[in-house]
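Think of it as A, B, C, D and E in the order they're written, each chain with its own count starting at 1.
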Amino acid sequence: MMLEVENLNVHYGAIHALKGVTFHLQEGEIVALIGANGAGKSTTLNTISRLNKPTAGDIRYRGASIVETPPQDIVTKGIVQVPEGRRIFPKMSVVENLEMGAYIFSDRQRIEADIEMVFGKFPRLRERRKQLGGTLSGGEQQMLAIARGLMARPQLLLLDEPSMGLAPIIVEQIFDIIREINQQGTSILLVEQNAQMALSIADRGYVFETGKIVLEGDAGDLLEDPMVKEAYLGGG
Amino acid sequence: MEALRKKIPLTLPQNTVKIIRIIAALLLLALVIVRAIDVAAESQFGADTWLRLSVSGLIIGGMYALIAIGYTLVYGILFMINFAHGEVMMIGTFGGYFVFEAFNAIQVTAADGSQMSFLNANPVIAVFLAFLAGMTIAALSGYFLEKIAYRPLRGAPRLVPLISAIGASIFLQNAGQLLFGPQRRQYINPVVLDRGIGWHVELAGSTVVLTYTGIFSLVLSAILMVGLYVLVQRTKLGRAMRAVAQDKKTAALMGINVDQIISRTFVISGALAGAAGVMWGIHNGLFNYFVGFLPGIKAFTAAVLGGIGNIPGAMLGGMFLGIVESLGPAVLGIDFQLKDVIAFSILILVLIFRPSGILGEALSEEKV
Amino acid sequence: MNKQSLQKSAGSGLVFGIIVIFLALIGFTVVFSGLIQKVLGQSLGVGQIPSISNFFIFLGFLGIWNGWRASRQDKHETLTLAKVLMRAAVAGLSAGVLVMLYGFVVGGLDARGTDMRKYLSMLSSDSIKFFLFNQSLVLGGLIHVGFSTLMALVGGLLAFGSERSQQQVRTNRTKIQKWSQSTWLGKVQGNPYVTYVLMGIVLLLLVLLPRTWGAYWNYVMGTVGIYVLLGLGLNIIVGLSGQLVLGYVAFFAIGAYTFALTTSPEPHNLVWNFWIALAVSVVAAALSGILIGLPILRLRGDYLAIVTLGFGEIIRILLKSDILKDFTMGPRGVRNIAGPTLFGRSFTSDVDFMYLIILAVLLSIFLAKRWQESSIGRAWLAISQDETVAQATGVDTQKYKLLALSLGAAFAGLGGALFASRNQFTGPEDHALMVSINVLVLVIVGGMGSIPGVVLGAFTLKGLPEILRELESYRLLVFGALLVVMMIIRPEGLWPARRPKLEVPVGQDNEPVPLPATAGGEK
Amino acid sequence: MKMVLEARQVSKIFGGLVAVNKVDLIVPEGSIASIIGPNGAGKTTLFNCISGFYTPEIGDVLFNGRKIQGMLTDKVAAMGIARTYQNIRLFKNMSAVENVMVGFEPHLKHGWMTAMLKTPDYQKEQKYVINEASRLLHYVGLAGLGDNLALNLPYGAQRRLEIARALANQPKLLLLDEPTAGMNPQETDEMKDFICHIRDDLGITIILIEHDMRVVMNISDQISVLDYGQKIAEGNPKEIQANPRVIEAYLGPGAAALSEKYRREKTHDA
Amino acid sequence: GGAAPAGNTTSGDTTSGNTTSGDTTSGDTTSGDTASGEPEVCASDEFGCAVIPAGKTVKIGMGAPLTGDYASFGVDISQGAAIAVKDAGTVEGFAFELVAQDTQGAPEGGAAVANKLATDPTVVAIAGHIFSGSTEAAMPIYEKAGIPMMSPSATNPPLTTLGSKVFNRIAFTDAVQGQFAADYLYNKLGFRKIAVLHDGGAYGQGLADVVRQEFTALGGEVVGYEAVTPGETDYTATLSALAAKNPEAVYFGGYVAEGVVLTNNMKQSGLENAVFFGCDGTFGAEFVEKTGANGQGAYAASLIPPESEAKLKFDADYLAAYGVAAGTLSPYTWSGYDAAAVLMAKVKKVAVLGADGSLYIPRGVLVAAVRATNGFTSITGDVTCSEVGECNTAGPTFYVVDNGEWVQAEK
């Protein structure tokens, strides 16, 4: 078992954002988390990355608890998050941003090679390699954010709304890339508003509502679920 | 009021403002040049005086620059003005002082059999250790300052750490006074670095002394600045610092230990201030618990002048400020008492035309 | 796990040891013991060392605190007696041993006759002996260890006890809250008449106190009042419109000097009427706000801070400079500044002046509140939070920033004029950078954008150092430390600003809301 | 038909990059015009040129026949152009209703004097502003949330609040930059209806940047497509959907097709 | 206001003025009032009596900068005064106590402290304040309360022209000093071209102005007049500019810190041949210690006459009590001692032990007694107050540094 989240509770001051969330992810899987705004999906990812501290519950990665592990060590263990809202470093160039992604490594050659690898996946970034991150367009930033995540050679990639604000054609590319990464051996925990795409690419899915998981199951089954169809697939 | 607003447009169209600004700048420049030519025509000062003034400006500018870098580093990463930075320098000055005092007290037998103090027998080692001590203790105080007074305030509104810093500054100043007494102290330099001696340059019929301590300070601050620049631009630590500066949360997601990087920033900025402090002692001699206050303010000014958060900017700002202070009154033929007026006026002018400092990036086209 | 927690205790003990050593090095141990002695009612002559028992009291407090802190490491864990005692003992021991070692060093040096005061000015032979309880080196050190451990254990026990009673307290607190809400207390809180009564009491105090508490408190509170004025003004500039101005003293100086130069026989012999001069000072300061503001409107954040700091310094240096000496009296300052008069009668006694200041403060609070709660205040806040977007939302940012600067400066002008008039003297050193910093500190300590915060902040900032006067040369040290502590405990300020409740209910009829047409538009 | 906005040959250059390249855009009164295009095509930049953030290097922007380029943003807003932002930008520490009240600013008459004296006119105006702000909140579906700080509102509510604030400007032209980004399909549908309402109820002309084709194709009267700063196509939804250049540069095969592809692959694997 | 209180207590003092009393604490005995109940003097005294209950101390107040920029002055002067308090012994079995309060050297702080001290009924006299601004702000408050002042260091000339009954000073005024200095520079040292510098403060600038005026009046030329910013440690720029005008001497009005820096910087600034001429603010051990060889030949003025027995004793006491030599912290510690000593001597003279065991000190009488001081001898020599409260009659003594020591310069 790659990741097990058990009875996770998170508070922001008085707000009880996660109320006992439990799910798991097998090695090599893509698992989609879907749900309305503010349901707690990003909070879940942030808690796995240890940007938030849970008030109760446990997170186990390959069997070992990581709730006490500081965020930088989570990354070294191979769990990498591509955060919501892009969050690229605005005053660093595209290349520097990518180098930051590989912060935990110091092998220059390998880093260079990895940069070439992600440029291969996102040719647009190669065009903009010297431009400062902050001046990229929204979509370019999103590509950069994913590319930067890949630079850390994740074993488990946490993707938070990777398709947000992207042109349809790019969304398709991104999902292709996600699939490709997964096929190359990276497990993926995917948070998406675009439930249609997310569930079609995922193996399994969980549906969040106000801090709880209200539905879970095989991705295909969820796609057929009437409630999911109604709320997340755009009325059909 | 409404009527008034309509009648007197407080806000001119952007282009008009720009043009007015440029005209004003040119006028000012012309004024300064005319005045300078006037003064030069009166030829009050010979070349020797100009050389003296420039050298003294460069030396003081070098120290400002070192301290300013500390401000800029911390500002860059936490967006806070570390008001207690001058006090960190003060601590460094004391650190170096005690090393010199100790070595001065230790008597050794020199090669020629005479008794002399360790300080004079091994000046290189003594000076090196004085810098080491001053920089270490200043770095440590920077570290603890951050840990005690600033870290608990991460995420608080922007001005709150500033107040904490002001409190820390008051505390450290008074602690310095109470620990070491209110009296001024003086660095006892090794004889080879005596404050009076130096290279003699004959110029315009008079001798200009370029003191060893001054040149030493200037060279050392240049070396430290270059070293720091390389550190920040080229090393992983430097890159991590920049990342933390831009977005702490995301930096953590890259595997950066944010707290550690911030601590290290304070350590580096403290060490530089410590070096400036020891230099201050060696070159100027006199100091007490208050020594950090004025240079602190000046260095802060320099950092902003250069574009706060920008390391080359801090260096440039420091040097610029030092030279303006020293040459400004002479060039304009104004009382030296008003040198700070000149310095601040130039600061204001620069910022009016470049609202984010000499090397700061332009704000005008913010992306929304 | 256990080892880790003991390590933590030892660390926390060492920190306490360092604190004790630091306090000894700055001579605070002696002075504070002396204070305790005085508080306990015994007299203490000049240069006399207080008696040892007071030192024990002092050390006792620190020791208990040490034990308390060391034993409560995690909010979430439940404490057991054994755990607590172990931790406290470790902390006490480590602190004590460190202090003992320090005692050995200084005591040993002292016994050899070394005078350390050349470098550490407070380490007189007497104070070292005092630190060792007038005992021998070894015995003194051992007493330190023993006493520190003992007190830490007491602290640990206290922590344990309080942990136990915490639960009780918590339930009690909610009970009290419920009770107070349900009974008359709750009703009273929302009742406007209660506010009126409270305001009446405050007013009554304001009328009575200046008559009763003597010249000294009138002076101190007068200073507090003047700082309230300054705080109200800077609060508009920094707290509301979000412009970080570090040269606020410039406006204070302009107010003070305008008043001084127009009412003093020297140097210009313009002996204007008090009230006219007061009005002119306020207007002059307000105009200077606009003048200084105009060229720097584009500046933001710290660039604005440093430029205004520069303005403040420029004005101070010019005031004392040789070139303006004939105009401003140079460093000597202006003396014989007029006091207030009314109908030809002067009322310059401390009590009268206190009333004048109280009136000015009340008026200023009233005005500041009006502006803050108007749409002007809202526009300022919007600018402070996102200037770019505020402007794009149609707020004329330049106008509002200038307005904030000039209104804020007007308050400073009023404060400056009153200040000059009360002291009948003002000089350049009254207008140093520290004034700007103090006012900024009081605004933030009180709570940005909060008027009651300004008042509380002024009391803290100008009243606290007066209360700390007994500490003599230690007062600023303590004050600095308190500032840090205050910010850590209450980062949002003593009395944070709250946003008012404004929304009014709208009918449930879901009919489309037409575009409000009456609001003028471009007509 | 009256043209609310006319952009002629607008160009904006950053360093060497021509972000917007000689774009013409004409928007008739009362219509919903959409701008689409790949990421980095210059859509937001064009918005910035219209709303006064940027001054285009070349070209004119005319609003109701008046040139507006070079004007400060507050003047533009006062003339009747309001906008929202791609990354939500609210006054975070002010309450929701206060955010809206700020929007009324360009049309208020009060000054520091009247505010100080609380003249009857001033009081009337204030009362009016509070009432209208509350009504706007109600209109965008945030009734009862008005006294919460903006930063405490859920994401979708923040987007609506931004629109309410823009509406308080009493605009004639409303620029919406990706109003449905980060919303799930249900919320997106609501937003879509809401945009139509604004146009229909209030008669406000709307220019919309959006990547969600279900929104764009449903409600647009006209669509302009940008790519690399240039306008590559313009027309009604049908025309655009059929335009091969647009499909190649922007639309791709379509989400439905893709998701079908994935599902097919998956069943193959299994 | 009105006439000075009848001074039968002080008249004896005036007549015996020519005999110098060697000891600071002896010589004066309590006046002949009979001590039964509250003494009558209290009833007739303009300000009434200070009543010190049995077991309490008689407080001598002081307003001094104990923190901040000028702390070394305040700390030093209060330490000097503390020694005086120790030396003073008791009055009728009551001990003296020194209450030094922090003014930070500012007028605002001066007024606060004055108000605070004036409300304490057991404060009978003020050895202070330090710095003229703080003193001026404090004067009206003490005036109202009838508390006599004796300032060790407030030298601004107008202070004694304000008609104050309570204010007196041991320090000589800037006007007197400046005149003497200009005369000495012109006539004794024979300089014709000097530069005048000051530190931009009230004290330094006042002094510099007098010197410039007097020196010009004597026929000399002031070739440069500049101010430095206090607290800095590098004045080479200012000095280099002055050097271009070739002055024979640099007169400086200001304090030791800047004086030391200037002296040290002169060599590097092309002024190696000009003489540094300081004032009483630059006198003291610190100057020679910190200028070393650069200080050779520098001048200063002081109100401390050459080594007297009293001074030597004080220096020894000071060193023992504080571990540093007197004069290292500021040039004014001796004046601090004297100011307190004079005041306590007068307190002893006017204090009356009441029948109830309390000590009564008639305030008005004390004010008059202090003003009438005549021929009181202490470290600073003869202390005799003029009718406006100038208590230093001797004028400055000039000193010159020779081989690392201050020696009295030729008269």
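Quick note on the criterion: a contact is a pair of C-beta atoms (placed from the backbone, for glycine too) under 8 Å apart; a residue touches a chain by one contact, two chains touch by 3 or more.
Source: prediction; values computed, not measured.
**Q** Chains touching chain C and chain E alike, please list them.
**A** B
**Q** Quick check for you: compute each chain's CA centroid and the global CA centroid, then name the chain with the smallest gap between them.
**A** Taking the mean of C-alpha atoms per chain, the most central one is C.
**Q** Need the CA-centroid distance for the pair chain A / chain C, whole Å please.
**A** 46
**Q** Please report how many Å separate the Cα centroid of chain D from that of chain E, as a whole number.
**A** Centre separation, chain D to chain E: 75 Å.
**Q** If you average the CA atoms of chain C and of chain D, how many Å lie between those two points?
**A** 46
**Q** Going by the contact rule already set, what residues in chain E reach two or more other chains?
**A** Within chain E, residues 67, 71, 75, 200, 227, 324 contact more than one other chain.
**Q** Which chain D residues reach two or more other chains?
**A** Residues 14, 44, 53, 72, 74, 85-86, 89, 109-110, 112 of chain D touch two or more partner chains.
**Q** List, in ascending order, every residue of chain B touching at least 2 other chains.
**A** If we look for residues of chain B contacting two or more partner chains, we find 5, 11, 174, 177, 181-183, 335, 337, 340, 366, 368.
**Q** For the complex, which residues does chain B have touching chain A?
**A** Residues in contact with chain A: 236, 239-240, 242-243, 246-247, 249-258, 367.
**Q** Applying the document's contact rule, which stretches of chain A touch chain D when the two form their complex?
**A** Checking each residue of chain A against chain D gives 34-38, 85, 124, 131, 135-140, 142-143, 161, 164-172, 175, 179, 193-197, 200-201, 220, 230-235.
**Q** How about chain D: which of its residues touch chain C in the complex?
**A** Contacts found on chain D: 51-53, 72-74, 76-80, 82-83, 85, 89-98, 101-110, 112, 115-116, 118, 122, 126, 128-139, 143-144, 146-147, 149, 165-167, 169-170, 197, 201-204.
**Q** With touch defined as at the start, can you tell me which chain C residues reach chain B in the complex?
**A** The contact residues of chain C facing chain B are 22, 25-28, 117, 119-122, 238, 244, 295-296, 298-300, 302-303, 305-307, 309-311, 313-314, 317-318, 321-323, 388-389, 392, 396, 398-399, 402, 433, 437, 440-441, 444-445, 448, 473-474, 476-477, 479-484, 486-488, 491-492.
**Q** Using the touch definition from the top, list the residues of chain E that touch chain B in their complex.
**A** Residues 67, 69, 71-72, 75-76, 200, 226-229, 231-234, 236-238, 240-241, 243-245, 256-257, 260-261, 264, 267-270, 286, 289-290, 293-294, 324, 328-329 of chain E touch chain B in their complex.
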